[in-house]
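Take a look at the structures listed below.
There are two complexes below, and they share chain A, which is joined by chain B in the first and by chain C in the second.
Presenting the complex of A and B:
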């Protein structure tokens, strides 16, 4: 039973990371309908910007802020200089996707060239083990869960209660109509990319603290960004967050019986089961198959 | 010398990978990230069979193809059933899972150390172990794969693939099972990639998981993109360029690690730059085929010129449309019973009950938002109704998928036409021809004679439909180059080619000038003589008055009146609803 409690706690912290990946990518996808494969590149940029920041200033919090800033700038730049250019040229989603894929590979390998492929650690996070009864976990787990919870609540509050948040929701539900009532859609696309990249960066920092930054984290991150969104249902932010937790728990509890190398397999099975049983995702209300 | 042969062999292997991926990405427009995984499954299956049981490499290839086919079904079915983008996710997961298995199932795959001592291939006791003997073997396989792909994309099956890429809703409305086509092409692409994998394993004699990472998927993407998507020669050109560049980089005086990264950066930049400045690659889709096709078609139809001399000849129309087959006593062709469909809180169709009699022209009118187009979508299976039943010729069709309903005999047009813009006018009509045995992927590799004969007949039929609407002269033009009126006529020809008995026309007159309408409408009215039943949604009252036998007035998703055009138009209440006065 202790083992089970332990695994649940691990699952929640892992799931918090997946939730952050999911809501950040899900927000961008819901607003812009861009299959933003370069989100993984943003993740790596954030991780390495934090690492670089720590090399320069030393302090972890300042370094993390640099990482967040780096992610936002990178995300905005991709939207502004790549996606907007392509959309103006009437590129199909396929063309945009391939360009994004190219971006991810280019960025990952530039970073590998500059920093090498060994894991770059972040120091300065005092890991303390907390014990409740016989279940032990550490304060990093708490920080992961707390960060995800705060950001999720903050995002939902922002979307519900601020003017720009409401405008974003308008663009999510119907971009043409939003344009008609005078919302400058391309501005909100930028906002979505900025916001999505901002939400992603803390996850990158936390993952780097836990296991160090490697360049190939990019395609790991992008895979775990899609999965919660699909399982949770496209367009549903709380759905993506919950799905992230579900994947984290499934992977973690799965370790009970199988070796941890097969975690991804567990996530994949969850994905396939959801796709078969409820193709719209747990909270999705529509399956978009081209407009009739 | 051997080194040059080695390069040639690698070009052959990557050509096969590029060709197979081009089927998936180029022709069908599906994005899959797992081509390197298919490559790996082919390589490991064949290598393990060879090492452990000394199985001949030809059987190894076959086993690899079968296994890859099964794995591809596993990722394709759940994803494609829902939405194409989901395929990106399931295939990316597959790629990473296969890599994990190769790394961690040590007993079987020996993990990161890789498999060594893979036997060289042997054919009839003749062992192939030098580069110079590998070249003909791999060349033969590359040629075989090229011919297979060529056959696939130039068959009716390939035509449907391109149609799906252009507009899958339209393809579905013409009776094509879009999902099945996508799944089959995905499986076929995977199986062909497995061939490349097996050959690679037996040529290298050593493979390790490092050969099959996401970087290899990217390389295959780049091969297809550089050469030109949906061009049969594109992957060949792409493989030649990229493999040569890859090998040339070895001669630079830099550490191999840096070379690896440079290579990946180069592929990444190739993808970005080509997408920005040359999305169709070096060879566009039609560069190689357009001219030759024209010649072929030219003499093809000159032979038949005397048969299809002019569109005005009535004999032809009779040939085209089978005589109205009498269904004894059954004069209601379509019966809707309390059909409902709502979107969120809006009841677009609300308990609609409606009969359509065989051989009539029925007008469906009503104010904007009355649910006319939604009703079409419900009848043709695009929106399954929440409630009620739909019977076509006495057969329940309520929850059938759209393509089956079309094949049973209900076809519809779209307000925005939904032509296959980058296909020729003739291909647009050809796709609609029902029951083409060439649409079966495997059927294309047997009984070539019969297929050719059938294709010839379909072409003649398609040309006849084009002549019927007066577009025969433009058969080789891309649909996108037609004027709006011509596109409208083309959509009618395409609709008729489905041989459906019940035709639903969604605003056939909108955007047409009166002159064209005068030409078009007698044609449509005439169709009834050949056993067709027609239902028209139209706002133009002139058109309605001129065309229809009976009007059904729809408001707020239900039928509120039905009668002759005179009766309906005389009623002041209906006019009030219609014009919202």
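Presenting the complex of A and C:
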């Protein structure tokens, strides 16, 4: 029973990160319909910008803010200088996908060249171990869960109660109609990339505190960015968040009776089962109606 | 008659030229050697430091005019952190295009993959990084100038017994090196009166150990044994401590980058591993450390040292083989020279001694404990 409790705690902290990855990528995909594989590159940029920031200013919070800023600038630059250019050139979704994949690999390689391949740790987070019987976790896991919850609630509130949020929902629902009623769609594409990158960056910072930054983190990040979106249903922000938690719990609890090394396989089993039962994802119908 | 004499003379002259004294074999323009390393992927750090190690040695030797005026040149191929297919493809290029008679290698699976080609083409292989048990007696052309993991694992078990532990939990790579080490150590640990309460294999380069550690913590072991290398042990130790795992953690690896990741959580971590001390007093050690630091701005650790040392071993082989005459720049001649010499100076201080029967070596092995990010030497380990 202790093991089960431990696995649930692990699943919640891991799922919180997956939720952040999912809602950030899901927002960008819902608004722009761009399979933004370079989201993994944004994750790596955020991690290394934070590391670099800490080398420069020392303070973790300031460094994290620099990481978040770096991610936003990178996300906006990718949309402005790569995707917009390709869309203007009538590039097919496949071409855009390949360009994004190329961006991810290029960024990871440039970072490896510049920083080396060894893990770059962040210091200064005062880890406090919390024990409940033999179940152990720490305050970083609590921060992960809290950050994901705050950003999810904040995003939903923003989309429902602000003018630009409502405009974003209109673009998600029907970009052509949004353009007809005077919404500058390309401006909202940029906003989606900025917002998506902003939501992703805290996950990058928290993961880097826990594991250190390595150039290959981007591949891991992109895998767990689109998986919650597919499972939760494209266009559904709460769906992506819930799916992130489900994947985290499934991966964690799944190893209760099988070897831990098959954890990634469990995530894909969940993905396949959900797609077989409900090909549009758990909340997929909402895509159609464009509700967030 | 005259004509037949002149033809006969010609045949004799040609025969003399072809079958004349072996010392007449032509020197190569350069000593081109190969290296199959992890230059990309999760283990790219290894490829980086290993190549830096042998390039440092080559630069030193080349700066002094090479060996008898012939300089070294390295051709590096990438096995992408453990891919057998990539290793074979790279090695075929080294053998068929670059025509190398000698190659450095690393990682267990890629090394095992290239052995059939090395045997067929008589290419001498020197491994200074891989530790898998299957490397023992794997090929007459494979020699290892680092102690293999099974021996370190055994040393760790001896140390655990000495500390009075009985319940072992093991966390290890799910490859030949990790699984092989665990399979080797487990029966020997049980023979010492111990039990294994948890055994968790994980993919190389794992960054989230919480699932594995959850099972290990639930099994309530006396200590945790790590059969992991590179940065993995640092992340595992950090996450174990941050989950509140209070028991001793022991391993068979220490690398500064992993220690940096683990930070203060690594305090008390014990490692049984090769003894390369960059602060050592041996004059060759000091020369290597100074040379490496000048080039790469970092202190070398034992991976770089093994490959650095490998170049000097090769230099000795070349000199020995050349002195014997014949086609000395050939894997067979180099192998024969190694078997004859057997014992070489080591950059660790002391000597590295090869066992020609199985390709393993004996080198300094020691017990370290980590404190403040540094490994502190405790004592030498005599592995039984």
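Here are some notes:
Keep in mind that, in the parts below, the second predicted complex is superposed on the first by the 281 of 292 C-alpha atoms of A that agree within 3 Å, B and C clash if a C-alpha of one lies under 4 Å from a C-alpha of the other, contacts with A are read in each partner's own complex, and residues count from 1 in each chain.
Please note the rule applied: a contact is a pair of C-beta atoms (placed from the backbone, for glycine too) under 8 Å apart; a residue touches a chain by one contact, two chains touch by 3 or more.
Note that this is a predicted model, so its numbers are computed, not measured.
Partners chain B and chain C, once the complexes are superposed on chain A, run into each other and clash. In the superposed pair of complexes, A:112 makes contact with chain B and with chain C alike.
Once the two complexes are overlaid on the shared chain, A:271 sits against chain B while remaining clear of chain C. When chain A is checked against chain B and against chain C, the one touching more of its residues turns out to be B. Contact with neither chain B nor chain C is seen for A:200 once the two complexes are overlaid on the shared chain. Of the two partner chains, neither chain B nor chain C is touched by A:64. Shared-chain residue A:230: touches chain B; no touch with chain C. Using the contact criterion defined above for the overlaid structures, shared-chain residue A:140 touches chain C, although it does not reach chain B. Among 8-16, 62-70 or 80-88, the region of chain C with C-alpha atoms clashing against chain B is 80-88. Put simply, chain A uses residues 112, 220, 259, 261 to touch chain B in one complex and chain C in the other.
Here chain B touches chain A in the complex through residues 25, 29, 31, 78-79, 81-83, 85-86, 88-90, 92-94, 96-97, 100, 103-104, 167-169, 214-215, 218, 221, 225, 258, 261-262, 264-265, 267-272, 275-276, 279, 377, 382-383, going by the rule given at the top.
Residues of chain A that touch chain B in their complex: 35, 37, 82, 85-86, 89, 91-99, 101-110, 112-113, 219-220, 222-223, 226-227, 230, 259, 261-262, 264-265, 267-268, 271-272, 275-276, 279-280, 287-290, 292. Partner chain C is touched in their complex by these residues of chain A: 2-3, 6-7, 10, 13-14, 112, 116-119, 121, 123, 127, 129-131, 134, 136-138, 140, 207, 210-212, 214, 216-217, 220, 251-252, 255, 259-261, 263.
Partner chain A is touched in their complex by these residues of chain C: 41-42, 44-45, 48, 174, 200-203, 205, 207-208, 210-212, 214-215, 217-218, 220, 231, 234-235, 239, 241-245, 257-258, 260-261, 263.
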